[in-house]
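Structure first, commentary second.
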Amino acid sequence: MTTIHDGFAATRRLILKGAGAITLTGLGVISFNMAPVFAAANDKYPEEAFKQKSAADAIKSLYGRTAEASDKVKLDAPEIAENGAVVPISVSTTLTEVTSIAFLASENPNALAAVYRIPPGTMPNVANRLKMAKTCDVVVIVEAGGKLYSATKEVKVTVGGCGG
Amino acid sequence: MASTIRVRAISSGEITEVQVLIQHPMDSGFVKDAKGEIIPPHFIQRLTFEYDGRNVFVADWGTAVSKDPYVKFSFRGGNKGDDLKISWADNKGETDATTAKIQ
Amino acid sequence: MTPTVAADALDPVADAKAFRNYFVAKFPHVKPEDFVNGPYSMNEDMRRQWEEKEQFPPYEFSLDMGKEMFAKAFNNGKSYADCFPNQGIGIRQNYPYFDAKEGKVITLELALNRCREANGEPPFSYVGDEMAALTAYMAYTSRGKPFDIKIPDDPRALEAYQNGKRYFYTRRGQLNFSCATCHVQNPGERMRAEILAPAFGILNAMPIYRSEWGGMGTISRRLTTCNSQIRGVPLEPQAEEYRDLEYYLSYVSNGLPISGPGSRP
Amino acid sequence: MNMTQPTVRISILSLALALMSATSAPAASSKTDFNIAYAAAEAAHKEAGRLRNQWTVTAEALANAKRAADKGDFDGAVASAKEAEALAKASIFQATSEKEAWKNLEIR
């Protein structure tokens, strides 16, 4: 995209480790298909992950494996969205070596909403505003030290955000 | 025309907090217009923040990011008066960029 | 309308006091000046979402557009500043006012379009983005200034006030709602997803950026939409009824600060 | 937005419904039947307009009546026109009764 030296060298190493883990756990077709997307993710827009319908498929496409819930991931989202078109959602974590953070809304037409790359020196805190089609779980994935951690919260939506 | 990008980058000495608001429809492709025709998807895919020759934050977005999108993050370093370069590109190949001074 | 209002012992000062007392008593935990923040003054969860959005409010673009438009000269070299006291800066709290010459209520939206027409420019739609942006900017320059609506000693002004009050309390539409049904009797309650705003201070936040609209909307847009929501056919924007309604509602919110442009779900 | 599920407790005019049920159209209506029914509905809707109190649902029912008539469905057209008339009359009743009734809601 640019000729700038990016700050993702460390991330790349973790990715390679991650890719190895996938082959070991034997996710079969998906791992062949998805691992390269993941490895290239620092340079390339993860088109396939954004096309997946379900949160699980999007996470698989993006990272090639599943996440474990962690109370070190703090997800801040409203109980009831004032309007599904604009739902302020933020995340922070005490985990170290965070390399990326992803936001998903389980019942959206495509679950994956946003992925943020966190190079070394950038804090693992992100706030953004997302659309939600209806009441569902917001899932946030924090990639840290090559592992995936998640937090989930249900947000009630009475006016859907698909009109946005 | 004025930039589509509004930035607030404030340094507290050790940490620079960055907030950005971008004027963009972020059409999802799931919405119909008044005539009942689908409004084709039109959304920012990548938003990049560059400081001191390196990326400090990269956002990859799908259609579920709200209209006139907003994001906030912070990074270590950054001095008052330094440049922060922000650029975006959408699925139609449109782009915009701006350079903001850290305050 | 026959001007027989005097016999009814019209007392806007007493009205305004009763109006304020009603809301203060109904919501003892809400600071009076906080009513201008509408539903956010009465619901914690929504207030947090709002405060988060206010860090970088979505109406910034509209506000900037209004500022640019306001500064830009008309084709004849004049500008909006030439039409208003104090060049139009910090005057929002004085609108609407009663114009003695015309014998009618003049709202800010009306005054802006008259300014355009007087300078050879076509008027803007009262429910469109341009008018919303212009009034947003003007409100912004008045933020914090208390509403200061005057009812001059003129029976026509009192009549306009009374007509506005009647409009406010009159049930209409198939749902048989008056403005007061929602915004006096039930503020803070949910109407589907929305939390109804209190009438006290409701215009102080105008114009408003609504997430539902995905943009900024004028007072005219808000009033006409309210009417159609209760299944009434809206009157034409800036109809005399709406102008009088705005006069009444602004008057009874005298003393509360201008907070516009606001944002709402 | 529709307001079908308000937590707000308000009584809704039942008059329109009562009027509607009293006017079931006979089978096989003609174009003339439609014209008469439509004219009556339109007149009532105009009167509501003079009182500055038209209802959106009346306008919708009138449009439905026209659409049905254009398709040659005069039974449907007459039914919609009668519905429109009932709604328009209810809106006139509302405007008339509110001339005084609004004061009951006023904060004093």
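Which chain is which? They are A, B, C and D, in the order written, and residues in each are numbered from 1.
Here, contacts are C-beta pairs under 8 Å (C-beta built on N, C-alpha and C of every residue); 3 or more make two chains touch, one makes a residue touch a chain.
Nothing here was measured: the structure is a model prediction, and the numbers come from that model.
Asks: Going by the touch criterion at the top, tell me which pair is linked by more C-beta contacts: C-D or A-C.
Replies: C-D
Asks: Using mean C-alpha positions as chain centres, tell me how far subunit C is from subunit D in Å, no decimals.
Replies: One centre to the other, that is 31 Å.
Asks: Could you work out how far the Cα centre of subunit A sits from that of subunit C, in whole Å?
Replies: That gives a centre separation of 43 Å.
Asks: As a quick test, compute the distance in whole Å between the mean CA positions of subunit A and subunit B.
Replies: Comparing mean C-alpha positions, subunit B is 18 Å from subunit A.
Asks: Can you check how far apart subunit B and subunit D are, centre to centre, with Cα atoms defining each centre and the answer in Å?
Replies: Distance between chain centres, rounded to whole Å: 51 Å.
Asks: Any chance you could list the residues of subunit C touching two or more other chains?
Replies: Those would be 53, 58, 192, 194, 212, 214.
Asks: Show the residues in subunit B shared as contacts by 2 or more other chains, in ascending order.
Replies: 67, 70, 72
Asks: Hunt down the residues of subunit A that sit against at least two other chains at once, touch-wise.
Replies: In subunit A, residues 85-87, 90, 127, 129, 163-164 touch at least two other chains, as defined above.
Asks: Which pairs of chains touch each other?
Replies: Touch list across chains, by label: A-B, A-C, B-C, C-D.
Asks: Can you name the residues of subunit B that touch subunit A in the complex?
Replies: Against subunit A, subunit B makes touches at 15, 26, 28, 30-31, 45-46, 48, 50, 53-67, 69-77, 89.
Asks: In their shared complex, at which residues does subunit A touch subunit C?
Replies: Those in contact with subunit C are residues 78-83, 85-88, 90, 127, 129, 157-159, 163-164.
Asks: Going by the contact rule at the top, pick out the subunit C residues touching subunit A in the complex.
Replies: So the residues of subunit C in touch with subunit A come to 45-46, 48-50, 52-53, 58, 192-195, 211-212, 214, 265.
Asks: Of all residues in subunit C, which touch subunit B in the complex?
Replies: It is residues 53, 55-56, 58, 60-61, 64, 68, 214 of subunit C that touch subunit B.
Asks: Can you list the residues on subunit C that touch subunit D in the complex?
Replies: 15, 18-19, 22, 165-166, 169-178, 180-182, 184-186, 189-192, 194, 196, 212, 228-233, 235, 241
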